[in-house]
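What follows is a group of structures, each given as structure tokens.
Look at the two complexes coming up: chain A is in both, with chain B in one and chain C in the other.
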Partner chain A sequence: MRALVIDDSRAMRRIVSRQLEGLGFTVDEAGDGAQALELLEAGAGHHLACVDWNMPVMDGLAFVKAVRARPEWRDVTLMMVTTESEHDQIVRALAAGAHEYLIKPFTPDALRGKLELLGLVPAGEIA
Partner chain B sequence: MTETMGDHVVAIAQDLFSAMVDGEPGHLAEGPGHPSPLSEPVRAWVDIRGERPLRTLVATGRDTADRITRALLDLEPREDVATADVRDALGEIANVIGGNVKGLLPEHPALSLPVVVFGGSAPDGVPLWTRSLQWHDEALVVSMWDVPVNQEEYL
Partner chain C sequence: MSVSTQTFDYVADLVRTTSAIQLGPGKEYLVESRLAPLARARGLVGPTAVDTYVREVRRGLDRGELTRVVEALTTNETSWFRDNAPFAALRSQVLPAVRGRHPGPLRIWSAACSTGQEPYSIAMTLLDAGEPHVSVLATDLSTPVLAQARAGEYSQLEMNRGMPAPVLVRHFTRAGAGWAVKEEVRRLVTFTQHNLLHPPPTGPFDVVFLRNVLIYFDAATKRDILTRVRRAMRPGAFLILGAAESMVGIDDAWERVAVTGGSVYRAPGGTP
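What follows is the complex of A and B.
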């Protein structure tokens, strides 16, 4: 499985990437939505994108809309990983095409639980 | 904006440090009532847009900021940290706390990107409350401010 972690914070990218690598993912990182689109265009075959909301250049919601506008990327699972916790924002992201939503701060178990729901890691016992 | 909000924010900060900095709870605790002056202060904040703009600010000393950065980036205890990484790490701490505060407030639709400042004094504004915390016995201060009109460039 190959994942794309999109966040303008290097620290947050490293945290999410470490956790995904621990679950067996190969991870690429992007600092904003535009960089992430370039990586998708390169055709590495990403199965999952973890997307921050508030980023410069292209924010997470715009990225989700851009991915969903491309039929060839319909198999990319999109999960927002963000501090945006209001119900309205969650609804906006899901309506735009995100599959799941994880609110920062989160534990490794919370991330794994979302990935289990998405069928991207096998269901297992969470410590 | 009351101490109750301060309690919520302390809880958010404790969740953040437990989940993403320390990997276990218990290392960010309430500190003395009045914060001590910080050595080489590093201040990080985000502004919460709305009818009454608010600022959530996190401040600590440079050595503590370096330690937080090492923890977030999973670096060795004495490994050098770049100023850019400290800026990024403290900015993300402020972003996560501010984003969760925004979720508690009605009519505050957007969050600014983080601003991080090394040294100097606090930005202009009216402090609404300040909570003095200790992370591994080092001072860390979280506060909320009314944002003055002349600070709009940060919004």
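What follows is the complex of A and C.
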């Protein structure tokens, strides 16, 4: 499984990447939505993108909309990973085509639990 | 870091005599991890904090503190839609089977409901399946966790544990820094204190969730509990146990029914 971690904070990218690598993912990183689109265009075959909301150049919501506009990327699972936590923002992200929404800060168990819900890691006990 | 044998034996005995829950060998970590916060509340820290705390509790024989010890050890960790499979089975297999026999309002019992994630998950599952004619009775031994469950408010960290985002936006509103279960879900759920060693609440129930609680009891007590639960169920009703739990060798009266991701048990009686 190949994942894309998109966040303008290098520290945050490292945290998410390490957790994903621990779950068996190969991870690529991007600092904003535009960089992430370039990586998708390169065609490495990503199964999952973890997307921050507030980023320079292209924000997470715009990235989600851009991915959903491309039929060839319909199998990419999109999960917002952000501090934005208003009800309305979650609704907007889901409407734009995000599958899941994880609010920072989160524990490794919570990330794993979301990936189980998405069928990207085998179901196990959420300890 | 672990508790002493005397501490463990005393606590295990206390828990067994007051709640019949069995803390077998190997559960020392549970005593240590659950009692450390109580010790800390009394200013006790360090590797022997729990031993010192338990010694003080024994000497003082403060009833309130003894109750806190028992409650700390009998409360389950919990998450939304825990294990997922039972909720999927409820929607796609159990509900149609129950509906095929019984058209009236559904009665569901969530036993050992802890802080409420399970009964609210059940209510949300049924609402989303287009089944608003449901009442969920949620019971637990512990009064403080029931108060928290009844309030229906959860922190962001609690919400991150297993709650799918689409379900969150449908059934919760923001409440301060956390989230509150919407009224349309809350009104389906009634919370009340109940000890599984006592006679069951008034049924009959169509579905009973009794998950991750039998593991704490010895075989004879498990059998007694299952007999009482069965008496509170409609003939042919469904019992859902925890993912790692089984009825094998405990009570043969139940019919095991395979569902996606596990099994559920059907009470005897009624036509399938």
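What we mean here is this: the second predicted complex is superposed on the first by the 127 of 127 C-alpha atoms of A that agree within 3 Å, B and C clash if a C-alpha of one lies under 4 Å from a C-alpha of the other, contacts with A are read in each partner's own complex, and residues count from 1 in each chain.
Heads up, the rule we're going with is that a residue touches a chain if its C-beta (ideal position, glycine included) is under 8 Å from a C-beta of that chain, and two chains touch if they have at least 3 such contacts.
Just so we're clear, the structure is a prediction, and the values are computed from it rather than from any experiment.
Novice: Based on the superposed arrangement around chain A, label chain B with chain C as either clash or fit.
Specialist: Taken together on chain A, chain C would fit alongside chain B, as the superposition shows.
Novice: Return first, second, both or neither, reflecting whether A:86 touches chain B, chain C, both chains, or no partner chain.
Specialist: Both: A:86 reaches chain B and chain C.
Novice: Is A:9 contacted by the first partner chain B, the second partner chain C, both or neither?
Specialist: first
Novice: Rounding to a multiple of 10°, what is the angle at chain A's Cα centre between the Cα centres of chain B and chain C in the superposition?
Specialist: Between chain B and chain C, as viewed from chain A: 80 degrees.
Novice: Which partner does A:107 contact after superposing on A: first (chain B), second (chain C), both, neither?
Specialist: After superposition on chain A, A:107 lies in contact with both partners, chain B and chain C.
Novice: Contact-wise, after the overlay, does A:94 reach chain B, chain C, both or neither (first, second, both, neither)?
Specialist: Only chain C is touched by A:94; chain B is not.
Novice: Quick check for you: in the superposed arrangement, does A:18 touch first (chain B), second (chain C), both or neither?
Specialist: Touch partner of A:18: chain B, not chain C.
Novice: Can A:56 be said to touch chain B (first), chain C (second), both, or neither?
Specialist: Touch partner of A:56: chain B, not chain C.
Novice: For the overlay built on chain A, what is the smallest gap between any CA atom of chain B and any CA atom of chain C, in Å?
Specialist: Minimum C-alpha separation, chain B to chain C: 5 Å.
Novice: Touching chain B in one complex and chain C in the other: list those residues of chain A.
Specialist: 85-86, 103, 105-107, 110
Novice: Show me the residue ranges of chain A that touch chain B in the complex, using the header's touch definition.
Specialist: 8-12, 14-15, 18, 54, 56, 82-86, 103-107, 110
Novice: If you look only at chain A, which of its residues touch chain C in the complex?
Specialist: Residues 85-87, 90-91, 93-94, 98-103, 105-107, 109-110, 113-114, 116-117, 123, 125-127 of chain A touch chain C in their complex.
Novice: So in the complex, which bits of chain C are touching chain A?
Specialist: 77, 79, 82-85, 156-157, 159-162, 164-166, 168-169, 172-174, 243-244, 261
Novice: In the complex formed with chain A, which residues of chain B make contact?
Specialist: Those residues of chain B that touch chain A are 12, 15-16, 18-20, 69, 72-74, 85, 88-89, 91-92, 95-96, 98-100, 102-103, 111, 113.
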